[in-house]
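Shared between the two complexes below is chain A, which pairs with chain B and chain C, respectively.
Up next is the complex of A and B:
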């Protein structure tokens, strides 16, 4: 698995690093710390200091397993205008990349370049989810990235993963991502189907049962629940108190039609914990 | 190696994994056999030595860990790659203690596992020359 943790110098980036480091260490993932700054002519000193802290957290979690080899910030090389990188490989690759410029564009460019499986980023706890001075940036990354995205608003370890399903476009990769999240967090799994006044779409109900069977066969304690679409916002708010909210994204998602401002934006804005968008 | 081609056995109880990997690896010139049941895979490795074995860990019956232990006992120089949807630091460490080549958590891209297989192949070819 290839993980990119997008970070800046703010406290929410510090707060996600324990989670990032634990996930990367347990999944033996290639890990990139992608640090974003506004300028693209030279590396900002306070960013370097932050990266050193983040790097140290990563190495604290690898339990001398020889997972990553150390990297030094003095070895950062400019590989393109406004992009610096240093990488090392032990059993897995560990990279620090600094990109200067528009945060959304730079994060998405790195995700594409690395063919990442998961992007993780934190943000402020309010509705606007400010990241590096830009409101709604995590929402934009979650909406536009080609892979799964985990937005962490609270570093609390989730006891439960509440996964919403309203369409049948469920990739094997997304099922596997849930497996890893359940395993790493030692969490329970609740699969929530959405019910309109006309009932549940037959193919969605069938898919829910298939997914339940998939997890039960793998000894994951999963259960399913149906929620009325009109109670959805309230249910999401309640779920975020229980743990991580996950959403299977698909073109047929009716959720996006329910929320005026867009599903992803709403979910991330309203959640108090973490949101995982599955692709 | 048969006719200088690297042989690979893939064991995963989810058929979709082999279905995705097999054609791509065959296209690259590897000889690939796939299994969804560990007992059948074990029977096969007792009949034939594979250069590379790719195995899932969590399976009904004989677990992937037991399977790879048997493989390494029979053929210490077979390179084993573990793929798992339930990775933990402990299972990774245990797998490496048993001498595996690499450990990949699912999901992974085709390019990621292909690159691991290529590194295993380089090691096998370099060992066979020395």
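Up next is the complex of A and C:
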């Protein structure tokens, strides 16, 4: 798995690093710290200082595992106009990339270049959930990225992962990603399925049995809940108060048909914890 | 205890049979299985030989379904005899079996839903309200050896404790006493146990008298959703069967934990 942690110099980026480091170490992932700045002619000094802090946090978490080899900021090389990179490889690749310019465009470009599986980013805690100088950036990344996106609004460990899964089209990768979220947070798992007023379809039930067994075999206790599709929006909103909300938003997902794109943005704005969009 | 487990070939039964398997490992349970094939009205035609042939066909379908779920779930517990497959009305036949068989406990799976109406329709059914023994509504597979004795204002704690003791006095289960007080607030809070009043005091005394180990006593103050969520890690929540809509009943509707109605 390849994780990109998109960061700037602000405190919300500092706050997600502990989580990023734990998740990367748990999943044995290739990790890229993608630092964004506005200018593209030279690297800003305060950004370098922030990256050094973030890098140190990552290495504090994995020092015994030998997962990543250290990188020095003095070795950063400009690989394209406004893009600098340094990377190393031990068991897995660790890289620092700095990109200058429009944050949304630069993050999405890096995600595409690296074929990332997961982008993680923090944001301010208020209703707006913004990056400094970039309104609604997390919402835009969640909306436009082709891969899974985790927006962390609160560094507090969630007690519960509430996973809304499209039962008939669940990928192995998304099941595994939720597995990791549960392990890293030592959280409970609630699997929410959809039902219509006519009840639950037989194939949906079969898939939920499979999902439940998948987690039980990994010694993860999971609670099953069925929600009427007409109450889904309300239930998702309520779940953001209970813990991290994970939504399966694949191309063939029923959920993606129910949720308008505007709602994903609204959900990220209104949540008090974290939102994981699975693709 | 002699327990009757209802099985169907669905998600709820998949959870229920694994839960029953766990229960057998924690308590002395003699487990019987029942499945009822309910024909729709259009199917109920014919008399004599025609009807008998049609009934045995339905029984065979039901038997195969139960066999499949038992084989798929691969549980370790032993069943006291072959599954009983009956053709007829589920409520009527189950009640008759419970009465005739002298069962101590009836168990069935129900998937937790977001609708309290679903919950009320189950607990107000003939099967639940007329069952001659406690009923266990299995919502999820929670592996724990602690049960919650759920109290609130005006509950029949004597019935609750006595039934709980009758079923689980020789088991690995211990208990927490949870007293619920309703309040609209943003987070669940814990109050002093004196807030539980005489019901809580008397329940503690009675449990001590019956020898059931009690770990802790808590008075919860919050909304039914918050309290229901708090109860999620218990093996089951023992409570009086709600006879009408109430905030106490809503806690039981919202909790993802299984509920033992006494």
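Definition applied: the second predicted complex is superposed on the first by the 225 of 279 C-alpha atoms of A that agree within 3 Å, B and C clash if a C-alpha of one lies under 4 Å from a C-alpha of the other, contacts with A are read in each partner's own complex, and residues count from 1 in each chain.
Please note the rule applied: a contact is a pair of C-beta atoms (placed from the backbone, for glycine too) under 8 Å apart; a residue touches a chain by one contact, two chains touch by 3 or more.
The shown structure was predicted, so the numbers you read here are calculated from the model rather than taken from an experiment.
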{"item": "Touched partner set for A:130, first chain B, second chain C, both or neither", "value": "neither"}
{"item": "Contacts of A:28 with chain B and chain C, given as first, second, both or neither", "value": "first"}
{"item": "First (chain B), second (chain C), both or neither touched by A:200", "value": "second"}
{"item": "Chain B versus chain C as contact partner of A:190, first or second or both or neither", "value": "second"}
{"item": "Which of chain B and chain C A:225 touches, first, second, both or neither", "value": "second"}
{"item": "Which superposed partner A:209 touches (first chain B, second chain C, both, neither)", "value": "second"}
{"item": "Shared chain A surface residues [contacts with chain B and with chain C]", "value": "none"}
{"item": "Sites on chain A touched by chain B in the complex", "value": "1-2, 25-30, 63, 65, 91, 115, 117, 172-177, 179-180, 183-184, 218-219"}
{"item": "Residues of chain A that touch chain C when the two form their complex", "value": "188, 190, 195, 200, 205-206, 208-209, 212, 216, 221-228, 231, 235, 238, 242"}
{"item": "Residue numbers on chain C that touch chain A, as the complex places them", "value": "10-11, 14-15, 18, 111-115, 139-143, 225, 229, 232-233, 256"}
{"item": "Chain A-facing residues of chain B, complex", "value": "14, 16, 58, 85-89, 92-93, 96, 102-109, 111-112"}
